[in-house]
Amino acid sequence: MRSNISLFTGLILIAFLVTLAILAPVIATHDPATTSAEKWLQPPSSEHFFGTDRLGRDIFSRVLYGARVSLSVGMLSTFVSLGIGTLLGLLASYYGGLVDVIIMRFADVVLVFPSMLLAITLVSIFEPALWLVILVIAGTGWPSIARLVRSEVLRLRQSDFVASARLLGAKNRRVVWRHLLPNAIGPVLVAATLCVPAAVMTEASLSYLGLGVQPPTPTWGNMLRDAQLYLRFAWWYAFFPGFFVFITVFAFHLTGEGLRQALGLSQTARRGWRAGS
Amino acid sequence: MLEVKNLQVGFEEAGKITWAVKNSSFSVSAGEILGIVGESGSGKSMTAMAIMGLWPADAIVRGQLYFQGRKIDFAQHKAWQELRGVMMGMVFQDPTSTLNPLYPVGQTVAEALCYHKKIPLEEAKRKALKLFTSLGILPAATRAQQYPHQLSGGLKQRVALAAAICCKPSLLIADEPTTALDVTVQAQILNLLTAYVREENSALLLISHDLGVIAQTADRVLVMCRGVIVEEAPVIKLFKHPLHPYTQLLMNSLPRLDRNVLHNIEKNGTAASSVGCVFAGRCQYCREFCLLEEPALKTITENRKVCCHFPLTKGRSS
Amino acid sequence: MGNLLEVKNIVYTYGRIAAVDGVSLALGDSDSLGLVGESGSGKSTLGRCIAGLLTPQRGRILYQGKLINGRLHKEIQLVFQDSFAALNPRMKVEALVEEGLIIHKTADKEKRRRQVREMLQTVGVDPALLSRFPHQLSGGQRQRVALARTLILNPRLIILDEPVSSLDVTTGMRLLSLLQDLKVKHNLVYIFISHDLAVVRQICSRVAVMYAGKIVEIGDVEAVFARPVHFYTKLLLDAHPIPDPEQRKKINIRGEAADLLSPPSGCRFHPRCPAADQRCRRIPPPFVEVTDNHRVACHKAISS
Amino acid sequence: MKSALVRRFLQTVIVLFGVSVVTFLVMHAAPGHPLQANPELRLDPTAIERWLQLRQLDQPLIFQYLAWLSRVFRGDFGESLLYNRPVLELMGERLPSTLLLTLSAFALAMFLAVAVGIKIATQQNSWLDRLVCTISLAGISVPNFWLGMVLVLLFAYRFPILPAVGMRTPGDGSILDILQHMLLPLLVMVAGNFARYVRYVRSAVLDVMQQDYVKAARARGLGENEILYRHVLPNAAMPIITVAALSLPMLFTGAMVAEYVFAWPGLGRFIITSTMARDYPVIMTVNLYTASLVAIANFIADVLYLLIDPRLR
């Protein structure tokens, strides 16, 4: 019952945020880039719901456009790490032996770098850009997916129902598509759902440090970076973008949590980390 | 020794309570082995858990329990805590999961002794070793140092038994103690259980789905079906002449070494009924009345009780 | 009478443990063999080798005279002990039973649906359960679905790995009775793996007793149960509780099952055998025929 | 036991080797010349010259790697381009203030998480359990730099009772002053870590409490305290050790973003400012140092597992 409530609330919130992002041009009350010298740092009002920033831009509209960046970074990087992770996890578990050792040790090596540190290192070497942020986040996210896929496949391959299908004469393709994948998808789905909030958070942190998506593209992270200097005078400047980061991350965590409970997976068992060792 | 009156154990789901144990009353005296037999879902384990005060958190438990003349309140967990381990002991089905994997098995037993008897650890360890020797966990000193995963199922069950009886409880409950074990080990464990009862004059509640085990071990038997005690009788009388059709069905269904019994099996399916006799849907002698009216457990002769409108007679014509 | 199945001296090891250590047996066209023994005796491993799920490291398995080591054969099927683990939790009853037909492309959709329904009727499962998932079925129903799944391919030899041990007695006996009917109707041969001698008694014509990876006695059920020769068989029969309180037995059982990491020398049963002597400790006993079709691996059987 | 230990050790060595290769390759991919092209960075020209020389760009890659590795083994991690001083020296100077913050944050968060986690696990689905679960879910969802800003807004600007940034007031260096400065960053770090830890403690304890051996211990009449401390907690320790081990490196690198927000003069902030300045020798050293710490922490966790659980030996 409770799990359904968190799943439901999470999904509603996500749908709401996605709608905001997609319909940003329709909902936005102002152009997010239009500056106005006389209207800088105005508190929230009926004209500017979330107030204005140091250049007189409408924070409400900028937050809406920022949702586009945050959500696309979150989802795209999750897709990429899901793709790489699933592929490498399958390869490792399918071929075993040396292939397995090489892939899994490489995953180990990537995993020992704290993802934030790896992200800022990579971004500092190249020029910061949106695609780079996505790739960097995906590059630090795939190993846990790969570990998870590998251990799920290894576990399921030992199961009686796969043996039973083989006895009936099922070939590899059928075993993989009808038996392994449908049963492995639950834990992987949960892991993917929890990848998104991590990516959103990393993007926000990078942009906040000035290493992520660069101005003038409005993102929640670089809005917070701007806001820091005006914290004393304009609470709304920092409050709203940060609040949206929080709500977005919270929504995905809620969904992941609900999904995990609905699928009956335990929290400690979920960890891809050190699942294989 | 132990008297259970109107015990009910139920679970609430969506505002409706389903009863796993319905209004059961029975007693067991010192030196007696009371067997409880029934299929899965008959409520026999739940009965044991209720007596031990170990029911799941979401269960609803009602009724009265008298232990050595003293009434135990279901609401008072504290009272139970003083009884468990000292006055009541329990052996579970799967010895692999009931021993803590992180401790040497000797320590598990010594810990219980230490806790209840308030004796120093060294003395408790010595006592545990003695107990191991008497239960055939040999060589005791070596075995005591080993961890559960290093022992066979039979030895683990002996350790579990040692931990349950180390303080010489006057009531021992064994819930399917041999189901997870091989037949040769089963015989050994049943021997140990019987020996304990005879030596300490304590009571044993032996729960099993296996009529063979019951026949070989119990003095008196309760037959349970879907939460209801349908028959109660001394073991010899029960096997010679079952009164309840369910008891008869169980006996006929039992695979036997000395003959082929497959031809006895009636093939009608099972249907559940919410009113009337719990066994009506599967009973080959079921009459219309059985579907409408719930029978009560009534005394037939001394020591014999049956919960059936039309109990079996020797020739089978009611 | 030609042999349907012949197993010649096969060995299967997991790491350092030889679970099956040199087993030979032959199965006639209409025999049903019970394979009994305690846990760890290697009976399930032997069953999986014959089904082709495991490839024995040594020895040969012949089906109708053809070598099938480590290969699956459509006519040899296996029913698993745990029906819950053996049915894909994400497939419905219909898809589960239909799978074999789809794999072998034996019929079109319409015909397959009909066949599935017929098969469910045969094993006594209400067709109303077609769209249920395994976890929505009772234990007996699951085991019947598992049976239907294999039967739909028209197998000849079915290996039943403890099919009733997790079921209630009444459910188990009804399943046994169904198995008995199917055997006759579909001309099936069973290898029935069980730790329960009494269950084997109901359904098999022959029985093989395994101890520590080896067969110690094999023969017709009636003969072996009435006049067991090997001391291990005697022990198993003795330890089996008789459901009659007036025949209470007091049996003394020594020792523990053999440790397969360092199996005892000579006869593997000698540490627990009441009659063991020097020879039993040193020399593994040969397999000898005591009467027709009744063979035993015991030194004492020869001398007496 | 020994063989398992040796295997884990070898695995750790392999991972450490991989870490060095990856670090080296990443730095090798770093462009050398934008360093000079970017006057904003104000790097020391002589230091850049030395850095480029040290990289021996004319040599084959493998030689460059070996040369670098041998310097690393001799403890020579190069000099900062920004400060023109040895990297290790710079890091060493910043370690104490980081440790002060991170150690107290870790200890406080872990202590609270274990206490609260056990408490709510023993009363699953009570109002307290639900409350803590919801709060912790929110806790892991709050960006810590934003939480920092909100706290500064509240406690430094709206109600000016605490300093907003830094570690000590200039001219003052008393313990009380440092503690006052520490309070807000500490709060931010404890909030995030507590939320993460408490969820693990709760689910680990819950998992164990459902085990049969806990029920059996109860049937033996042991008191709830004995059951909790002797049977539940030792078995629940493994997942908790894992989280603790994964937090260990944080102790030595500092919480980067949190230190940056509060201008705490520790390693974390140093890492970020050096990265933004493209101080390559520092970045390289920091990566190597941090990743090695994680690998070693994992090894320590593995050893602890072996000590606790006889089944793994």
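In this document, chain identifiers A, B, C and D correspond to the written order of the chains, with residue numbering beginning at 1 in each.
The working rule: a contact is a pair of C-beta atoms (placed from the backbone, for glycine too) under 8 Å apart; a residue touches a chain by one contact, two chains touch by 3 or more.
Bear in mind the structure is a predicted one, so any value in this text is a computation, not a measurement.
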item	value
Path length in the contact graph (subunit B to subunit D, fewest steps)	1
Chain whose Cα centroid lies at the greatest distance from that of subunit C	D
Interface with more contacting C-beta pairs, comparing A-C to A-D	A-D
Distance between the centres, which are taken as Cα means, of subunit B and subunit A, whole angstrom	53
Subunit A-subunit D separation of Cα centroids, rounded to whole Å	21
Distance between chain centroids, defined by C-alpha means - subunit B, subunit C (Å)	31
Overall pattern in which the protein chains touch one another (line/ring/star/complete/other)	ring
Full enumeration of touching chain pairs	A-C, A-D, B-C, B-D
Interface residues, subunit A side, partner subunit C - complex	159-161, 163-171, 174, 178-179, 182-183
Of all residues in subunit D, those that touch subunit B in their complex	124, 211-213, 215-223, 226, 230-231, 234-235, 308-311
Parts of subunit C lying in touch with subunit B, wherever the complex brings them together	38-39, 124, 168-174, 176-177, 180, 195-199, 201-203, 225, 235-246, 248-251, 253, 256-257
Subunit D-touching residues of subunit A, taken from the complex the two chains share	2, 105-106, 108-114, 116-118, 120-122, 124-125, 197, 201, 204-205, 208-211, 224, 227-228, 231-232, 235, 238-239, 242-243, 245-246, 249-250, 253-254, 257, 266-268, 271, 273-274, 277
Residues of subunit C defined as touching subunit A within the complex	51-53, 72, 74, 76-78, 80, 82, 85-91, 99-100, 103-104, 146, 149-150, 153
